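Structures are listed in the sections that come next.
Two complexes are shown next, each including chain A; its partner changes from chain B in the first to chain C in the second.
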Partner chain A sequence: MNILAQLIVSGIVVGMIYGVIAFGYQLTFSTSKTLNFGQGEALTLGALVGLSLVWFLTARGLGIGLAYIVMLPLVLMFGLAQGAVVERLGVRQAIKNKSEAGWIMATIALGIIFRNIAENLWGRDALKFPSPLPEIAIVVGPVRIQPMEVVIVLGALAMMLAVEAFNRKSIFGKAVVATASDRDAAGLMGINTGLVITFSYALSSMAAAFAGVLIAPITLAGATMGGVLGLKAFAVAIIGGLSSGLGVVVGGLILGITETFTGYYISTGYKDVPGLVLLLLVLALKPTGLFGKAVIKKV
Partner chain B sequence: MKSWASAAALAAVFVWANQACAAESIKIGLTGPFTGGSSSMGVSMRDGAKLAAAEINKAGGVLGRQLELVERDDEAKNEVGVQVTQELINKEGVVANLGYANTGVALASTRFYQEAEIPVIDNVATGSIVTRQFLPPEHKANYVFRNAANDKIQSGMIAEEAIKRQGFKKPAILADATNYGQLGQKDLTAALGTMGVKPVTIEKFNIGDTDMTAQVLRAKEAGADVILTYAIGPELAQIANAMGRQGWKVPLIGSWTLSMASFIDGSGANGEGAMMPQTFIQAGTTPRRKAFIESFQKTYNIDRMASPVSAAQGYDSVYLMAAAIAQAKSTDGRKVRAALENLEAKVEGVVTTYDKPFSATDHEAISANIPVFGVVKGGRVVLAHPEDLEGDKAIRTKTGS
Partner chain C sequence: MLVKTAIRTLIVAALVIAPFAVTSPYYLHLLVTIAIFAIVALGLDIVFGYTGEVSIGHAALFGIGAYTAGCLVMHFDLGFWPSIVLGPIVAAAFGGLLALPALRVTGPYLAMVTLAFGTIVQILINETVDLTNGPLGIKLNTPFFLDLRDYGDTWSILDMSLKRMRDVEYFYVTGIALLLAVLVINRITASRFGRAFEALRDAPIACDCMAVSVYRHKVMAFIISAAFAGFGGVLFAFSEQYIAPNTFSFDLSVQFLLAVTMGGRKSRLGPILGATIVVFLPNILADIALFRIVVGVIAAIALCVGLYAVLRRRDLLPKLAPPVALCILFFVLALTMRSITDFRLSIFGLMILFVVYFLPDGIVGAAKILLRQITPAFRKRHASTQAEGEASHAITVTTDAVSADALLEVRTAVMQFGGLRALDKVDLAVTAGTIHGLIGPNGSGKSTMMNLLSGIYTPTSGEILFEGRSIAGLGSSQIAGRGIARTFQNVQLFGELTLLENVLVGLHHSYKSTLLDVVLRLPRAIREERAARQRAADILSFVGLRDRADEEARNLPYGKQRLLEIGRALALDPKLLLLDEPAAGLTAPDIADLIAIIKAIRARGISVILIEHHMDVVMGLCDVITVLDFGQKIAEGQAAAVQANPRVVEAYLGGAVAA
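The block that comes next holds the complex of A and B.
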């Protein structure tokens, strides 16, 4: 029983990390039917920029906790800018040309460029990201959890709720929803749909950068940290459904918990297999994802 | 008169050019991962080698010629290793090569030196097979040498330390899914087997895995009293951190990569006490070692060497190659290889004093008795058992095999 609880908690933490990155995929897909395959690199850059800011601030005498809080909005802004750059350079032209695959190539290429930049600026060794919270586990009943892991779960949930609320309540958010449901009609209503798409990319990279600074204190920060996570999150987005914000959260939790369960009860060597089997099953039985709404494509 | 003067000038130029030719430097390739995940090893190795070359050149060089190290970054990638190797052989015309921190790169690259009959000393990569690819009699001669502790030696030492010296009975092995981790895990299981011990569990993980809870819990539930590892820095740090989170404190003993800065920095307090075989520890246990460490710190303006083992082995490899070239009185690959296999002079390095380190059949300069155990303490690797390097045991020289 104790082990079971511990595995569920660890699975939730991992799952929330996947979920928040997958949430970024969902954001851009809902407005433009395109994805940023450089999402993992957006996470990497966010973590490394955050690390440099923390170094800079602590060298100026700030405590690590305060430095982390000051760093957060700056990293979020960096994420916004980075996402906008990706959209302008890689996606806009492809959408304009109605190219089916151009944006795939372009976002992958940009991802590689960003990784190389990270390697040149920060080196390719994994770096320690100082933890803003004590690294001693807190004990809740049978479960042991690090304070930073609690922050990951709460932070990820808060960020996703904030973005969802923004999309539902604000006038900008309504423009996003309008663009998502019918781009041409939204354009006719006077909505600058190009800007909306740019903005969705900015938000998507912001989510990734945020995930980066959340997880770096419990993992390590380095140029290659985003690669595997970006792929796992892609699987999560497929499982949960690319059109649903709730779907990616649940998809993340499903994959995270499946992984820790398989690792413990079956074999750590096969940890990744059931997640991929699940992915295939979902693609075969419900291609829009568990929570996806089937969209009838009018040709 | 004028023409006589110009003829004299021309003659002078010729003589000068001839002398310059005679004193042309000896080009030696230096290949390693100077960027990338294993760059702390590659860069330390390079810096150690450069220090040795500078010392030799200051003392007059080899055969009256200066040593010139031609550095190439293999980025820890096999294909890049092959590419720079061909460049070093065909374009730069190196007479020997030193380097490699990655077994895969070493295996892919040394083939070209073997074909070109150019001797290579692998000074960091530990895969057991690296020196055994071109054994006679199938091949005329083997051009690949090594002055690093290979994985057979390391796994044997890890088993010896855990089972015999510290008396643990239920080891769990945690190894990554790469060639390095899986081959090391096999060597380790075999070494434990010779002591009649079977690991209670063998767990696996991928490079880039961020959560080791499942692996650690399985080892804990299997009743492990010690964790043996074969992996690299970042994932090792995740293991130590997952153990710390579970509040489960059993000793961590593993291959020399537990001395990587990414493990020590990434695990912090959780990594304290981790033990690993080391051919060299940043401690001035002999005057020669003391001088090397001080010179290294001064030249590169650092306090903690990122990878002392790589730095020391890189340094020693230059001295070994220089001694062979001096003995061969030539830079001809075949003669240098023959000289390496029968080095007459004792070469005083910082890892050990090399007394006939190689023979025609044995290309490993480091034997099982040379490495000692290091332990992570206060963010550094220090000697685990200070008595290992006391008095006349400070320099451990190669024995039988």
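The block that comes next holds the complex of A and C.
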């Protein structure tokens, strides 16, 4: 029983990270029907830039907690910029040419380049990211949980809620929603849909960079940290549905918990397998995802 | 044609003499690797080039082929021949497992699923140590078939040690495998299956409505492609003599994709060229001096080609300047770089970006386009149809007796879109052999009815009976298979196919030959293809487009496109033909042709439902007319009666001023 609760809690933590990355996929998919195959590298870069900032700030005498807080907005801004670059270099041309393969290839290529740059700047070894919170587990009943893990769950939720609130309340957010529901019509109404798509990419990478600095303190930061996470988030986005905000959270939790259970009861080696199995099952049974809506095609 | 034959002969000749020219075992091995990669790339092209879906998991399928060989050798002591048979089968099975769920939805799903699959396969190979020997990998031996040294002294002119003999022999084995792959893919792409792959990319909905299931053919393309990857994998395992999980990585999948895109899609030469580049790439990137030379040569070629093209056609300048400038810039960059080993992946990534931006059609595609632009004489030529036939036999109806019963019966059909009721309990009965008009103001539900009848929408409630059997809820391709063909309000042709090929896609149903027949070129396949081409030509004559049979459909003027759509629909041998505004946008002479064609169609016993806004067309042709307004049927009857109906007048012209 104890172990069950513990597994669920660990699963939730991992699942929320997947959820945030998948949320990023959803943002760009809704506006442009494309997504960033180098999203994992956006997470990597976010974590590594964050790490360098923390080093820089702590070397100037700031406490680690304060350094982490100061670093956050800077990393978010970096994420925004990185996402905009991906969209401009990789996606814009492909959307214009209506080429399905173009943007996939281009975002993969940018991902490879970013990974290579990260390797050259930060080295090939994984680095320890100093934790802003004490690394002593809090014991709640049968469950031991790290303070940083609580921050991950809360931070992830806060990030998604903030973006949702922005989209619903602000006028620019309405432009995003309008573009998502009908790009051509939005364009005719004077909305600069190109800019909206760039913006959605910026937000998407920002979410990934944020996920990077959230998870780095409890794992390690390194050039290859993002690849598998980005991939898992694919599974989450498909399981939850690429069109549903609630979907990515639930999808993330399902995948996270399934993985920790597989890791414990079968073997840690097989931890990554249920993702694909779930993915194929969902596609076979409900292709639009658990929370997705079927789109009626127009003729 | 001549160029093609020349290139083919050259390639075969090069394959034959290569081992005599290349004496270094290292380079001979590299040639073998190129052939293997080319096989995988050619297979990937079926999915990527033809159907337009992206697979980022071909390295995993390749690995599955290799590990099938490895496991057969390690566990059962079986050798090359069982492996070469089983490898493709196992890979195809895994391909099916992925494609069946992933292709149910359109969008980037296949790319996402195959990417995940690639990672999982690597993990599984590492984990299932009992089966695959895990990270340690599997050793196997290159097979040795004949000891040619027994066959006289001709061979002694060359160094023919046992090892060299083995290498040369295996080179020929992979060479033959490559030629076989090219042959098989040529046959598949030239068959009805290849046409379906291309058609579903151009216009998926129209493809389904021609009884060619988009889903089934996409899955089929992926399975064929997976089999080729597995085939390549087996050859690879025996060539490398050692396989380990790390080889079959994400990067390898991307290399395969790059090979196809860079070389040129939808061609044989392209993927082979791309595979050559991709295999040589690590060698080039390992040595800075060689790298500089290669980049320099590329920059020089780009400059020469660019200059020549611009001198011939000045307007090409803005299009050609950026890529040429980038090539030169890259050369300068290469000169300033001290080491490239750390930036290998970045250079690889930049290459992909360059290809996506400036070579979307690949090297072969770009060369073709350039040649065509510079020398207008070099045009794409299609196999022409020589057969001249009797147009009157082209259109046949399979119903023996035209009965007076309703061919189609719609009972209280409702179609609800959210809050909008596009069709509200509409009844419709179409008598066999008649032209049934469907009119009404815009937004009255006419097109919705068409989409309901052709299976694009499933009715919210109500029944649709065709020849007494319910068709509500069936997919478009099934309904088309039952004998309902349609045209589209906004023309949906297969733009890159020729007129003849467009009609041939409609004739897809008339074939009985299987993929195996096509690959082996059994008489049945040849006979059927010939017969279908003859019929397609006849159908084109029927709609008056016989003389343009070999043009690409997208180059037709609008009016002719509509006629071609009708021809394509007739190829389905329909009992009921749905025409959705066939006269829209047509010129007066075209409309006259159209009316004659529709009359001829009815004369052959095919029933027609006609949606049209040209009232003279409707009133002149239709036996019965149904009028819809706001999703409801407001009138039905013969032309004169409908015209006189006050509700119809009101719907079209607005209500009378309040009395």
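By definition in this document, the second predicted complex is superposed on the first by the 294 of 299 C-alpha atoms of A that agree within 3 Å, B and C clash if a C-alpha of one lies under 4 Å from a C-alpha of the other, contacts with A are read in each partner's own complex, and residues count from 1 in each chain.
Everything below uses one rule, namely that a contact is a pair of C-beta atoms (placed from the backbone, for glycine too) under 8 Å apart; a residue touches a chain by one contact, two chains touch by 3 or more.
Bear in mind the structure is a predicted one, so any value in this text is a computation, not a measurement.
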Exercise for review: With the two complexes superposed on chain A, say which partner A:Val228 touches: chain B (first), chain C (second), both, or neither.
Suggested key: both
Exercise for review: Once the structures are superposed on A, label A:Leu7 by its partner contacts, choosing first (chain B), second (chain C), both or neither.
Suggested key: first
Practice item. Check whether A:Ile171 is in contact with chain B, with chain C, with both or with neither, and answer first, second, both or neither. Key: neither
Practice item. Based on the superposed arrangement, let me know which partner A:Gly269 touches: chain B (first), chain C (second), both, or neither? Key: both
Check your understanding: When the two structures are overlaid on chain A, which partner does A:Ala59 contact: first (chain B), second (chain C), both, or neither?
Key -> neither
Point to revise | Touched partner set for A:Leu220, first chain B, second chain C, both or neither | key: first
Review point. By residue count, is chain A touched more by chain B or by chain C?
Key: C
Check your understanding: Does the superposition put A:Arg144 against chain B (first), chain C (second), both, or neither?
Key -> first
Review point. For A:Ala126, is the partner it touches chain B (first), chain C (second), both, or none of the two (neither)?
Key: first
Check your understanding: Between chain B and chain C, which residues of chain A are contacted by each of them?
Key -> 119, 227-228, 267, 269, 272
Revision key, fill the gap. Chain A partner, complex, touching residues on chain B are 35-37, 39-40, 177, 203-211, 213-215, 217-218, 221, 233-234, 237-238, 241, 244-247, 261-262, 265-266, 268-270
Check your understanding: In the complex formed with chain B, which residues of chain A make contact?
Key -> 3, 6-7, 10, 13-14, 17, 119, 123-128, 135, 137, 139, 144-146, 215, 218-220, 222, 224-225, 227-229, 259-260, 262-264, 267-269, 271-272
Review point. Which residues, counting only chain C, touch chain A once they are in their complex?
Key: 48, 52-54, 56, 97-98, 100-102, 104-105, 107-109, 111-113, 115-117, 119-120, 123-124, 126-127, 205, 250-251, 254, 257-258, 261, 342-346, 348-353, 355-357, 360, 417, 447, 451, 456-457, 488-490
Revision key, fill the gap. In the complex, the residues of chain A that touch chain C are 33-35, 37, 89-90, 93-94, 97, 99-102, 104-106, 108-113, 115-117, 119-120, 227-228, 231, 234-235, 237-238, 242, 267, 269-270, 272-273, 275-276, 279-281, 283-284, 287-288, 296-297, 299
